[in-house]
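Just so it is clear, A, B, C, D, E, F, G and H label the chains in written order, and each chain counts residues from 1 on its own.
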Amino acid sequence: MTGTVHIIMGSRSDMAVAMKVGEELDSLGIPHTMSVASAHRDPDGVRAIVSASDADVFIAIAGLSAALPGIVASHSLKPVIGVPVSGKVNMDSILSIVQMPPGVPVAAVGLDNGRNAACLAARILALGDPDVRMRLKALAEEMRGSTEPEARPQ
Amino acid sequence: MTGTVHIIMGSRSDMAVAMKVGEELDSLGIPHTMSVASAHRDPDGVRAIVSASDADVFIAIAGLSAALPGIVASHSLKPVIGVPVSGKVNMDSILSIVQMPPGVPVAAVGLDNGRNAACLAARILALGDPDVRMRLKALAEEMRGSTEPEARPQ
Amino acid sequence: MTGTVHIIMGSRSDMAVAMKVGEELDSLGIPHTMSVASAHRDPDGVRAIVSASDADVFIAIAGLSAALPGIVASHSLKPVIGVPVSGKVNMDSILSIVQMPPGVPVAAVGLDNGRNAACLAARILALGDPDVRMRLKALAEEMRGSTEPEARPQ
Amino acid sequence: MTGTVHIIMGSRSDMAVAMKVGEELDSLGIPHTMSVASAHRDPDGVRAIVSASDADVFIAIAGLSAALPGIVASHSLKPVIGVPVSGKVNMDSILSIVQMPPGVPVAAVGLDNGRNAACLAARILALGDPDVRMRLKALAEEMRGSTEPEARPQ
Amino acid sequence: MTGTVHIIMGSRSDMAVAMKVGEELDSLGIPHTMSVASAHRDPDGVRAIVSASDADVFIAIAGLSAALPGIVASHSLKPVIGVPVSGKVNMDSILSIVQMPPGVPVAAVGLDNGRNAACLAARILALGDPDVRMRLKALAEEMRGSTEPEARPQ
Amino acid sequence: MTGTVHIIMGSRSDMAVAMKVGEELDSLGIPHTMSVASAHRDPDGVRAIVSASDADVFIAIAGLSAALPGIVASHSLKPVIGVPVSGKVNMDSILSIVQMPPGVPVAAVGLDNGRNAACLAARILALGDPDVRMRLKALAEEMRGSTEPEARPQ
Amino acid sequence: MTGTVHIIMGSRSDMAVAMKVGEELDSLGIPHTMSVASAHRDPDGVRAIVSASDADVFIAIAGLSAALPGIVASHSLKPVIGVPVSGKVNMDSILSIVQMPPGVPVAAVGLDNGRNAACLAARILALGDPDVRMRLKALAEEMRGSTEPEARPQ
Amino acid sequence: MTGTVHIIMGSRSDMAVAMKVGEELDSLGIPHTMSVASAHRDPDGVRAIVSASDADVFIAIAGLSAALPGIVASHSLKPVIGVPVSGKVNMDSILSIVQMPPGVPVAAVGLDNGRNAACLAARILALGDPDVRMRLKALAEEMRGSTEPEARPQ
């Protein structure tokens, strides 16, 4: 049975990135649920969501001082993937998610890069799931197919 | 009766900055307590400390992805002052503490600037405490006295 | 009696952020006044405004080399909250407000984050005012209510 | 049977970080192997190492323009964890590892943070391995024990 | 006989910069070919393109964690010019291309500066080709002609 | 007799900033001339313009790797004011103009801040010119007049 | 008669840079005085020093949120040169001094670059002083003499 | 006959990087000469050196606002390689060398990376010189040999 992913975002304004994650997970055949809860405005909500979830992987999406991925990682021992969301500064969410203290790891992916969060979750779940592995392989081959060795300049 | 301050640091390695805060609070006659608890490694510990404390102001000190001040602010409605601690990147702790999401404010002071955290706490407590106000005034005058209008060059 | 806030901005172009502060203070029931005066173009005006004001908390809003919050803090012993305003560089106003020298504290909030300046002022005033405390609590609960534990992906 | 980790570093000068990874994996009871190969100086070596390895998770460690984690991720469909190594610029290795193009994910951890790379690998392997899960849990509890709720100031 | 340039871009979205390179090479009379292949999504494609090409100079164009120029340089001993492409962060592609490890050089030009990539290729090819040298000289003189020593202010 | 200013810009695309300089100088009654010449594309043109000019102050405007102000300063012993022009990076032109090597000073003003370049030139010329001093004083008073001590919030 | 320079520094810790300024001014035969006063800790002291001084040029030296040069410029209509002092962040003092609001110009020189502050002051004073001009010329020639056209490699 | 390289550095303090360039060129059998001349302190010296040199490739080394590579590129149509030298800011020399205006290309290599400057020069000269090509190939093979596929962890 395929593992599941829970997508949690810090604010409704992160929905576009979350949708990107969801689409990619769909195309990889990975079931997922979604919630909205801010690490700062509703710490109990975040904890409750994380505790109640039996997801195998969490994907946490947040901007500004993006504490959400780290807080999810502090309430769970499952792998947590963090997606920094772009804004006026950008280095704020990137560094908040990358520079976690030793002992509480977050797997940071690129700014607004919901697609890579989904692909990373798939690679993790594929370790125990030959179907996901096969779909990942198909995706990788498709990406290779997009190379054009000799495009003619206009 | 003078209000109190609780100093919380994310790691033992932030102790030098915390000591600076403590010294300045002492010199301003402000009682304070101290604890060590990581927002990421021990979120329940942080919550317990904040809930149990009847301090009027919190000073939270942390480096890297410095979630501690924001998490303290999410568990309390008291004013929370955040002190970013220097490391290899510096912009990580500064931006993590400054760029809080709307609704959960942290009062950021400068990198390693424990002294200003104490002075800010004193200004806040002085609103309801003429003694602290007087000591702040004396400190301000002393700082002014250090000006040297005509130092001779060597 | 509820304490008051004086909002001072360095330029008319900071008005949008100041309005955000004002709205939030209104919704928290905190009386406030407003003025426009540049620390650089009119240092005497700033000093006069600060000296004449009996506000309990100052909120100073400025962009570029944002000296205004620091200058207000040098003319008063009240708590001063600084709001950096976004522009072409952003790190200019953030660092100018955060990196104050020891002894003259400014409470920095995030870029253009007028709402947090108001919330921080409310937390400070709530120390001596049960009404403000109650309103802050209501606001915090309302924010919590916005969590959606199981939003269904589309 | 516990999964395995292969640690690959771009240069002998990254050995200190790799050793940190190894120690943490040892303490979590996770078997691992190690190699040194530069993505730029020996792309065939990197490919050969990745192809020959049956590790479940790769941890790639590199500084400067840190292409190694991304290149490992392009030759394998296993989860790849990237550790940026500090130098004179720091943002070079952090951004090179975080800002991967869509479709080829790398799980970035913090600068020189070998310990978190190991903990993240353990969280991934724990999905299919109750023993690792138990050891992770023990580690988490130990970290919590280090909180000191009421340290007395000196 | 004039040497040739192969322009390789990491993604179709880099085409605008590649077109700029092509136009400038055309105006300098330098024959060139073009291809699209991602260092991360299709490492074998990149290697095949580089191996099959008998171009004298490569111009590699990429954004984000721009590994392409470095990977081209690792598969060839020809001069490789790297063009960072702008995005939400910009320092990611600039630093990824500039900060190459010792032994595998990339010649970095400015952000989106396809024109300079072409001019640099021309300077390299001009060493063995008097015709290109002459055209470069003409271009340099034309640029000089654009100076206006005494434009009148309006 | 009032001193004169020569405004030199590195490219036609810097004209908007140059026009700002010109307007401010006009309003301060300071005669000025203008030219366009790139430090990189036409070094002889720059040298010729600087040598031929009998201006008392140079204002050099440039973006990207903004060498123009430094090059003007290397061909003249007059005060040279440098104005960085905004683009995709901004720190490039700012740092190129600020971080001059010892012995060849440039007076840097803010990004796109043509107005301050003019005001700085006026302060310099005012040292030997009571008329300019008077106009500067009037301008300063006018700026002060724009303070509004008690703007009512809406 | 040669004009004079007043050097003002924000803190005793800026003395090394101030000494560099003094030495260079001495070698250029320019009389100068010096004072220590913080824009933030002693705004009245700064104002008093500036008002009492009949210097032709001010050189203001400060680190962190370096408000001093701007404040001196707001109290005087003389040319003000700002020298950012290095610390843990560096971009704080650079941007605070460069990014002044329109109407109140500061002439920024490089980080810790006291020598260029002195040379810039000399260029300004040389406009009305043939002796200083001659000494500047001699210095420029001496700098040129240090070129070594054909140093042999070891 | 093998082409030659001229190494020019902006200051004696860049000598360590220049020596690195020289050693690497020696090991690649490429004859070279060296000079010291500042683009800002001695623009005529730089021009004279560049004009007098019949080198095929220039390597220009400079720190701070590193105008030297661009200025060499403006006086010659030969390929110019720029090496940024580290200091207190680092982004100053990197961006000054990378962000050249269109039409005057500089080939930027990494911070203090004299070795890559030499290797890039060798790649350029190898286009017309089979001996250099052979030595480059040997060097590339030697770098590959340093890979260790299965280093045992301690």
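The rule is short, and it goes like this: a residue touches a chain if its C-beta (ideal position, glycine included) is under 8 Å from a C-beta of that chain, and two chains touch if they have at least 3 such contacts.
Since we're looking at a predicted model, the values are computed, not measured.
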| item | value |
| --- | --- |
| Any chain that touches subunit F and subunit D | E, H |
| For subunit B and subunit H, chains touching each | D, G |
| Rounded Å distance, subunit E centre to subunit H centre (Cα mean) | 18 |
| Chain centre separation (subunit A, subunit C; CA means) in Å | 34 |
| Computed distance of Cα centres, subunit H from subunit F, in Å | 34 |
| Multi-chain contact sites of subunit A, meaning residues that touch two or more partners | 38, 41-42, 64-65, 89, 91, 94-95, 98-100, 103-104, 110-111, 140, 143 |
| Touching pairs - complete list by chain label | A-B, A-C, A-D, A-E, B-C, B-D, B-G, C-F, C-G, D-E, D-H, E-F, E-H, F-G, F-H, G-H |
| Residues of subunit B defined as touching subunit D within the complex | 7, 18-19, 22, 32-38, 41-42, 44-45, 48-49, 52, 64-65, 88-89 |
| Residue ranges of subunit A in contact with subunit B within the complex | 10-11, 38-43, 47, 63-65, 67, 70-71, 73-75, 89, 91-92, 95-101, 103-104 |
| Contacting residues of subunit C [partner subunit A, same complex] | 86, 90-91, 94, 110-112, 140, 143-144, 146-154 |
| Residues of subunit E defined as touching subunit H within the complex | 3, 56-57, 77-81, 94-95, 98-100, 102-111, 113, 115-117, 119-120, 123-128, 133, 136-137, 139-140, 143 |
